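When the chains are written out, they are named A, B, C and D in that same order, and each has its own residue count from 1.
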């Protein structure tokens, strides 16, 4: 038994490594086209972020919002909804949080920060909820509605930060940059290490992941939500109000994306800026799926993805290639990993690979 | 063009799936014009064996010989080329295409552009005339009843020139009349030079139709020989490996108290056609009311309106004199309704949930299983363990997903949940469909037990045998109306069959 | 004056809608076959670049424009094949693979542009044809007969794709593998092969749509030239209920809304322009919400890989 | 806690090393939202740095660029990494980077940071630079007002904020100063990078009768190409001279000359000033340049050039003020 587990692990690692190798090989061609040495580039990409405090902290700066978005995505996927509206939900969440942080009367941070989180959760929930409501009650496909709502959210957000919520000073000086005023310093999320951006947001996100785990697997609401996600008919049969739980799933998905928005505002930017969502709405989907749509799986997945982002970014500066190559390499790596995944999860595919190495046999090695 | 199959031989066929040896060294022979009945309980390997012949699976060991020559059938296409056609238990039809298009898909599966609708039409007409199979070639599959879909399956295979037909439990969904027609049709086809392999576990039909019988048990061939050499009882014993007799209801004086009453209930089907048409029905405490009818006449819709899963457009449903029509499913459950749905894999259970989670599917919010929204894991596990042993559910553990259990055991999970909840009314729709005798025996005994415990049971079934054995009264449903209710001891198969086909004396109709 | 504005709005909407129609029809094929490709945007970028690049190095008239389009179709097919290998052969999760393909396409297009061209330059491209005589018909002339050649080619592609889907054996197979792959398999349809073909077609069409943007609409290539149009097109496939005409209406509605909001801005009605810019997106959602969606046409196995040897 | 102290020590050490390197050569890092070839805002700065390098000598000034950092998270990482690596001057080329710099700058007191458009210098080692887009816009507006025959001028805007507002206001005033009957129509795409949308807006403007068009941000290349499709229409460009893509269409351009900003920062550092200054780019200090396209200037009325140059002098000597509110 031990031996079998070991060989299975070895197989999993082997197949992943092999597909990564293929991806990096293709990537190497890109580096050569760009006139850079692929070996140096890869060395920087995978090791540089882990070599110093700066890299590690930056990794967690990315991981925090990614994890929050991924939690929401996990909930909605588990309820059978493909939420690609994370970008919009982050923005609306951020703007709700900003309204509270900027315009509410001064109060102690221990009151204000939870209030900001609550507001942004509600904001994101509202935005996700619109798509969820249309899905559940009007039968509007969620891919269509979330894609469209992303654009609407961007325009609303931009309107607010360049209009009613713009920093008054920007008007006075006539520079008119679209950004809000700074949030009072006491409301910022505490930096964990002086001189680095890493803030308590990651801790918050991990705590949320654990809460979501308990929520989904240990409470009756999570039970209902999971039931609706995998088998709507059975859920209805069991007396669950399936439409409401579909809506609720999108409310949670949006809410968590919204939380990511306020974590970025309170932890990183301390004000409302353009493109604050930074693509987390999309990367969050990838993180959630890599995490196996499991809240706890999303924790390592978000950190690894954070590494990928930070490493690629550093590599681009280190070998001076066009920044586009970051995107291309990330895309290749993700493609490689999802492609290899099937050989790990599906026995029949695994068998096919193993048979390649056992020429004469047509037998499946895993039957008992 | 397809091969003329004179004889077919399986030699030492074995097939493994992860964790299961589905076929173990099977040897079979069949000659042209013969009908071979393949018998066995669920999971005995019948379907796997046929999927191998049809090219869906590859055998791990052994070979198939046609006309004495070894052949390799690596795809259904190849099987088709050799003249092998298959009608699957779950129909292999594309629901969003028409009958004609489904047939065309088979005929033109090699071509890219070419699609001659006229030729397809002509082919369908020719076949339906030759075998008197009635079908509208332009209607969409999803609009057809199960029986009609089966006819499409037959036309499909025949249009491809199949001369070896594999039928996987073809009668499971048919009325007695339809079954008889099918049997005649099959015999006729055999006489015309077709070889037929007929998978079933209904012994009477097997006796009626086949020349040869092969019995599989746990993947091994336990008997292969002439049909007439054994009686049905002997065959049943061969299949199960032990002797089985289905329980028969013992007379019981039903109470006069009406528990569930439907008054002029109407409802629409999924296709927006009327499914129930001012239906009236009442069930007494402590009786099993059997509902007979050809599928597609409103049975599932009836079960759904009772359980609040479908909108009642007209009329009233009373449970213990309290109106429950159009209430939420949760409220109806709370009032004491139990339901064993037809689709046990996707409705009766959440298939990717564990056995444990499925056992509490209706009770998770019950104070004994959850406190302040948190599920009480220990209590739930203990309760599940108890039910698993009480209902003899064969599962590796309570954490195993339901999807990995056999049909019979999934049904036991549902049954254990619904009966233990102690409902006033239990609606059971096709509770033994697709189950083997052993499992059916268990289900039957539990339903009778429920009746004896003074529950009102509505048993929906297509198998008259089952209805007549278990029910106190049998109601026949046709086009959304109850045509007649007959006390079970007075019921006769022939009369029920006619009623199911809609033939009845107007004067006798229930008002 | 007003009628002129309205004609202008409609006339402007038609060439705009072509991008969405092209990507949408391609995406329709792969979704009908059961594969959901979010990477269309990335494929469009590569197509836009390569189409531009081919014309740029050839530096000669319409011939090179067409060569550019063909190159874009070729590279789109290649990207489609990458998607197909991962999602059809390797059964990868389609959502992630699509996003990854989007990133890959964007990265590759941007990088090649930087390396081989380096700076923003323009090409001649394909300009609007003013079809003689026909274009002087009042109203219709402006609306229908003064567009670039690709508009007319697309108008041929729509009925062609309808025919392909509904009147050929291949179309039957596509519909079958998207709704009932196991049934299709038993009927002798090679499920994975059909899916592969459809994803490649989807890629080819997205590539062409990209080249349409660079060669016909802007005569330029620049970073993020597609600006999310690939995602919109994917959404419009749902709007169009997987039917070529439905996609055409969706694309036209969306483009008309855009063309309308731009005209409103240009003719100086004073209100926050953000509302104008939002309008097309809201309109599309609203129309779908009101009209409701039909499940009959939906490829029910969309997003699910097919395993032949899996018991179910 | 010990760990933290050690890290702090290391960082201050890095700071010291970087300041000692300063004397030998200046290492400059540029962080831009778009690309170095966008023919607009980002490329203008890139060009400015290259020009400054030519002037100072390649051994005195070296630089690195990070592109496509429109979102502030990635930009923040890049800026901090550059600072850690000992770069002396870090230019974050966008108003949106201000708060990032305010966070990072205190940790690297010997490094100079700069951003623009902006006025605020929250830390003593932050420069803010501020192109007076309205000045060139005013002159281009005059040219537009003089050149238009239809009396309709189309403006293609990205997002109504920042420089776009300054430009639009200056432009409208310029038009009105010479041609009070002309109409300036403004429409926005809602994004900086959607050149297809910009092209469509240009097309709509043209249909509506505009014969002179202008606009800001990198997306305008899409608009210029549309304008170039028809003869007799002209485009007035800002940020960079966009003549290279449409030599027969771009009539004049306001060019941001960032070279002086760079040289200014280098000079300030040499005298021990690491920041805290608001650097303006105007015609008066050579930060703005007005280019005419001599090949097609004939389209404009004969005296247009003289009038505009006269107005430019007035702007320089302060007698002509352009209102921004």
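Methods note: a residue touches a chain if its C-beta (ideal position, glycine included) is under 8 Å from a C-beta of that chain, and two chains touch if they have at least 3 such contacts.
Keep in mind that what you see is a predicted model, and the values were worked out from it rather than measured.
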Find the chain most remote from subunit C, comparing centres computed as mean CA coordinates. B
What pair of chains is linked by the most C-beta contacts? A-C
For subunit B paired with subunit D, centre-to-centre distance based on mean C-alpha positions, whole Å: 74
At what distance in angstrom does the C-alpha mean of subunit C lie from that of subunit A? 27
Averaging only over C-alpha atoms, locate the centres of subunit B and subunit C and give their separation in whole Å. 45
At what distance in angstrom does the C-alpha mean of subunit D lie from that of subunit C? 35
Contacts with two or more other chains, residues of subunit D listed in rising order: 35, 68, 160, 190
What parts of subunit C, by residue number, touch at least two of the other chains? 114, 274, 277, 309
Indicate the residues of subunit A shared as contacts by at least two other chains. 155, 158, 322-324
Can you list every touching chain pair? A-B, A-C, A-D, B-C, C-D
Subunit A residues within the subunit D interface of the complex: 52-54, 58, 61-62, 154-155, 158, 162, 166, 169, 173-179, 182, 193-197, 264, 268-271, 273-279, 309-310, 313-314, 316-317, 320, 322-324
Seen from subunit D, its contact residues with subunit A in the complex are 4, 7-8, 11, 35, 64, 66-74, 76-78, 80-82, 84, 95-96, 98-100, 102-103, 107, 117-120, 130, 159-163, 165-166, 190, 324-325
Subunit A-touching residues of subunit B, taken from the complex the two chains share: 16-21, 58, 60, 307, 309, 328-330, 332-334, 339, 341, 343, 346-353, 357, 361-362, 364-365, 370, 373-375, 377
Report the residues of subunit A in contact with subunit B in the complex, numbered from low to high. 218-221, 223-224, 226-227, 230-231, 233-241, 347, 362-364, 366-368
For a test of understanding, state which residues of subunit A touch subunit C in their complex under the given definition. 30, 33-35, 82, 84, 134, 138-141, 143-145, 147-149, 151-152, 155-156, 158-159, 163, 282, 285-286, 289-290, 321-332, 334-335, 338-343, 346, 348-349
